[in-house]
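Before we start, here is the structure in question, set down as structure tokens.
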Amino acid sequence: MADRKKPQVPGLLKGLAVTFNTMAQTMKPKKFGGGAATVQYPHEKETPPIRARGVIALREDNCTACMLCARSCPDWCIYIEGHKELAPPRRAGGAPRKVNKLDRFDIDYALCMYCGICVEVCPFDALFWSPEYEYSEPKIADLLHDKTKLGEWMETVPEAPELEAGAEKKKGK
Amino acid sequence: MTDLADRQKLSYIAAQAADARLNVELETEGMTLNIGPQHPATHGTLRIIVRLDGEQVIWAEPGAGYMHRGYEKLTEVRTFPQVTALVNRIDWLGSFANEVPFILAAEKLMDIEAPPRAQWIRTILFELSRIANISLFLGDLGVQLGAVTPVFMAFRDREHVLNLIESVTGGRFHPNFDRIGGLKDDLPAGFIAETKQVMKKLRNFCDEIENLLFGNEIFQSRLRGIGVIPAEVAKQYGLSGANLRASGVDWDLRRDQQLPLAYDKVDWKVWTHPDGDSFARCWIRLQETREATLIVDQLLDGIPSGPIMAKVPRIIKVPEGEAWVSTENPLGEMGYYVVSKGDLGPFRVKIRSASFNNISIVPWVLRGVYVPDIISILASLYFILGDIDR
Amino acid sequence: MILAVDLPYWAQSLLRVLGGTVAVLLPAGTIVYLFLFKMMSFMQSRLGPMEAGPYGSLQLFAEVGKWLQKEDISPEHADKRIFRAAPLVVLVSTFLLVAVVPFGPDAYFTDFDAGVFYMLAVSSISTLGILMAGWSSANKYSLLGGLRAAGQLIAYELPMVLAVLGVVIQAGTMNLQTIVVKQNSDAIFGFDGLGNPYILTQFVGFMIFMIAVQAELTQTPFDMPIAESELVSGYMTEYSGFRFLIFFIAEFATAGVFALIASVLFLGGWGVPFSWFGWDAADTGSIDNWMNIVGPLIMITKMVVLAGIIMWVRFSYPRFREDQLQRFAWKVLIPVSLVNIMLTAILKVAF
Amino acid sequence: MAPLSDETAPLNDTLALPGDALREGVVQALRDALGEGLLDSLIKPNDDVWVRVSTEAWREAGLVLRDTVGCDHFGFLSAIDWLPSPFGRGEDDPTAPAPERDTEIKQGYTGGSTRMQVFARVTNISKHFGVTIKADVPDHEPAVDSWIPVYAGANWHERECHEMFGIGFNGHPDLRNMYLPMDFEGHPMRKDFPLLARLVKPWPGIADVEPLPGDDAEDGGDA
């Protein structure tokens, strides 16, 4: 410590001042801009941003069981089964259309790594991100959610956010 | 810093003495202490076996690999977009920065370049993840040295940065936002204004840490002259990032190579320190955090408008070839050597992660130090387990 | 405890036991809740425990309950008898310490003339307990922690003794009660508005004493024996359940007791300067009996202030290295305190 | 032990990025020093330089790179197994016949003649360029000289490489496994080592859409 130059205020005192100021800041009432940085979670909740990748929601009607999401999933955590069905024709007098109907659309959230590739590749706008995050389960097997559960989360899907100045208008999804 | 040479000589002598004691076996029976794999100082699962004479280390051997996830093998069964989601997890604190070199390597092979707006936003997010990463280092440094408060300050202010990253990418830790040819999405409205606010807070955080830790005489006496790595040795071991710059080597991949990123558009400074000791490494990181906030501020002012995605085919096949791209990640030089055979996925990806090299110097640098210095040297070398083991 | 009422011996003993327990547990509880839970949290921009009781005030009981429920594990290769006894030894040292602290004109457990000497002697018993814990745990971290603790506590005993010596010279007695009375009734070079709290005349001694206390208590920046980032938890590594709880209580109770002792030695103990009230120092009997009730409160206030400083430093600083600590003790603290004693002695003789 | 120095490396040519002449100089320097040892080289304009040296010249080439060319910063050292994977990406339909797969070993840049190659990357910090250097690893006895005498940092990289590819490094003091238990059999990064996670579970991407009754002539599945 031979090379220690004497500072104006000893560093030891400066350190004490920093902790003291933080304490004062935390103890200051909320209305004066004080308060703790933490949030008392079950009582207050933070709102996640619009784009937050909380959980994947499924709009079942749009899904055609094309398997693109299951194929692009890096973790192999999407399981799809379906069957073909005759649907009423689009135009009056047309032939009945063959459509794919979903029997099973499961996402195993124990495997999912929330990369969002499935949502991105979906060509039919059937998968969406929802910022919902409170769906933990005591048992890991219960994290395999089926299409009903995924459909329920559709309600929590927000509108896409406005873009910053200078961005190009987006086309499609 | 006048007696720098003396301190280097002292540590050199201590290392020599440790060697001698080990070789001549004059010492009394030493004690083998096993630090880790689960130990508060290893923030993860690094194991260090040290042989002690009293409290002095005569021999140390790190044992990595408790978190090896085989990413190099995994990349071989994944397509290029899937690998992006994977490499996020290498250095999980600065995860966006992991994506960039990989995407740049793939773009190099495909011979496309992201549009300017995408490059700027990439650079902004790159620097934001650097801030998120290093601010946690600054807090953790305190914990390693016994000060409990800085880490909470770090978490408090890093939260703002993570919120920013989340508002853009949707992921706090694993953005998976970079795409071959550009970015997934544009910035949401209000991002620029908010980021400027946050950068102010971060600069304030840097000041607080400087007062709380770096100015503290105890802190300085713990780190000054400890764990000196001369520039020659640092280069031999392939140290990179702040560890290399702390040894006086002026080498920063953001400046010293031409990549399609916006670093050459802003005015910034590469910090170096001649000492090469633990204090220098920590000090460089502190300065770099501050510098990064300034870089972000400047970048925000000049984002060009335009598209964020170049024209790329919907199904990405990367032409045959080999490419090496490395960037200056928060931990150091992070690079990907991508070999493609024209398939959907890479044929081989060699991931050169910074911490692997940074930690391989540990047996060299730990000789002759005391047990508490093991911790401070490890902390100052700054590793992330995922980055060592991949 | 000689109160105005005459009590039978058994009742006096019971009162002493109760008083002792309160005097040990109350400061410990106050310090843990006020500083460890709340002040530390505020300094770190958070709120601390908030769920158990209003503002987490019942958190202490929850913690105690938690520790009591846990299994009492001792490692297979541990020296079991010593391992189990060690926490008690540490706690005993705390109880012995509190025995000489005067809380009021008549509110004390014992009042004997070698109080200072006794206090310094029993405070090192905890070293023994820590060494026992470190050795018997059959764990290298514990051993290192125990050895560090022994080296450190012994090294800091000396500056503490020397710092107190200044006070003893000034007061001319080793009786803690007399020291308190003297501080409150003396005058500084003729000015008697404040009495003579020795923090003013013995400021160097006070600083050295507080630094030594910080080291005795193994609080940051001197917490190498515990050093959670190096030695996991030092000598406490292998302890769990109520034995850990005892260590924990002992740590903070000792902090409280040392803060009490510091306030006795340097801040005027249970009194505020007597001249404010027109009391005559020569006759302690003239001091009103209610001082036995107010005195402890004054003591607790002073203790909270001093413990607050100890904890504030603890939450702000990084820790030293073992060799730096020894160097600091032997090369800085001891010479300075020796000079302090010399000056005190010269001034004492001169005036 | 490296000499002690406390000088700050002064750098004035900060953004003087290397030209291709510099890269040609690298190749020339290696050719001068190694002669026959330099087997092939590739310079991509404004990008990078690859060289391939013979197995015997591997360490010598490292010394030349460090001392003559000035690449004193060690990047990494690893290996490539050029055998195409016999398992693909594990996305095969177990019910369908096994797909035909390429089995031809085809090396990348600068060619080669063996299945495995070691390659390394070193950087010249003062002149801002890097070199990727490769060497064939003999098929019958996969071993090359260790680079530890050249770059001390190669130690861990060679251990990793030994463990993952089964390549020996002559002169390496301590080729213990880093990641796997010492009695682990096989070398995980070789292409013929299966990635079991992709084999034990069927790929969920195989189309599982039941066709309409009496409609099974059509390909059931992809919409």
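We just call them A, B, C and D in the order they show up, numbering each chain from 1.
Here, a residue touches a chain if its C-beta (ideal position, glycine included) is under 8 Å from a C-beta of that chain, and two chains touch if they have at least 3 such contacts.
Since the model is a prediction, treat every value here as computed from it, not as a measurement.
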| item | value |
| --- | --- |
| Chain closest to the middle [Cα centroid of all protein chains] | B |
| Most distant chain from chain D by Cα centroid | C |
| Which of A-C and A-B has more C-beta contact pairs | A-B |
| Distance from chain D to chain C - Cα centre to Cα centre, in angstrom | 63 |
| Rounded Å distance between chain A and chain B, as computed from the means of their C-alpha atoms | 27 |
| Chain A and chain C, separation of their C-alpha mean positions in angstrom | 52 |
| Centroid spacing, where centroids are CA-atom means, of chain B and chain C in whole angstrom | 44 |
| Multi-chain contact sites of chain C, meaning residues that touch two or more partners | 43-46, 315-317 |
| Sites on chain B at which at least two other chains make contact | 78-79, 149, 153, 156, 212-213, 216, 218-219, 221 |
| Chain D: positions in contact with at least two other chains | none |
| Contact pairs between chains, per stated definition | A-B, A-C, A-D, B-C, B-D |
| Residues of chain A defined as touching chain D within the complex | 64-67, 70-71, 73, 76-86, 98, 100, 103 |
| Chain D - residues contacting chain A, complex | 91, 201, 203-212, 215, 220-223 |
| Footprint of chain D on chain B - complex, ascending | 4-5, 8-9, 12, 16, 63-65, 68, 70, 72-74, 76-79, 108, 230-233, 235-240, 244, 248-251, 255-258, 264, 272, 274-276, 320-324, 326, 333, 335, 337, 339, 341, 344-345, 348, 350, 352, 356-357, 360-361, 364, 389 |
| Of all residues in chain C, those that touch chain A in their complex | 39, 41-47, 50, 312-313, 315-317 |
| Residue numbers on chain A that touch chain C, as the complex places them | 12, 15-16, 18-20, 22-23, 25-27, 36-38, 40 |
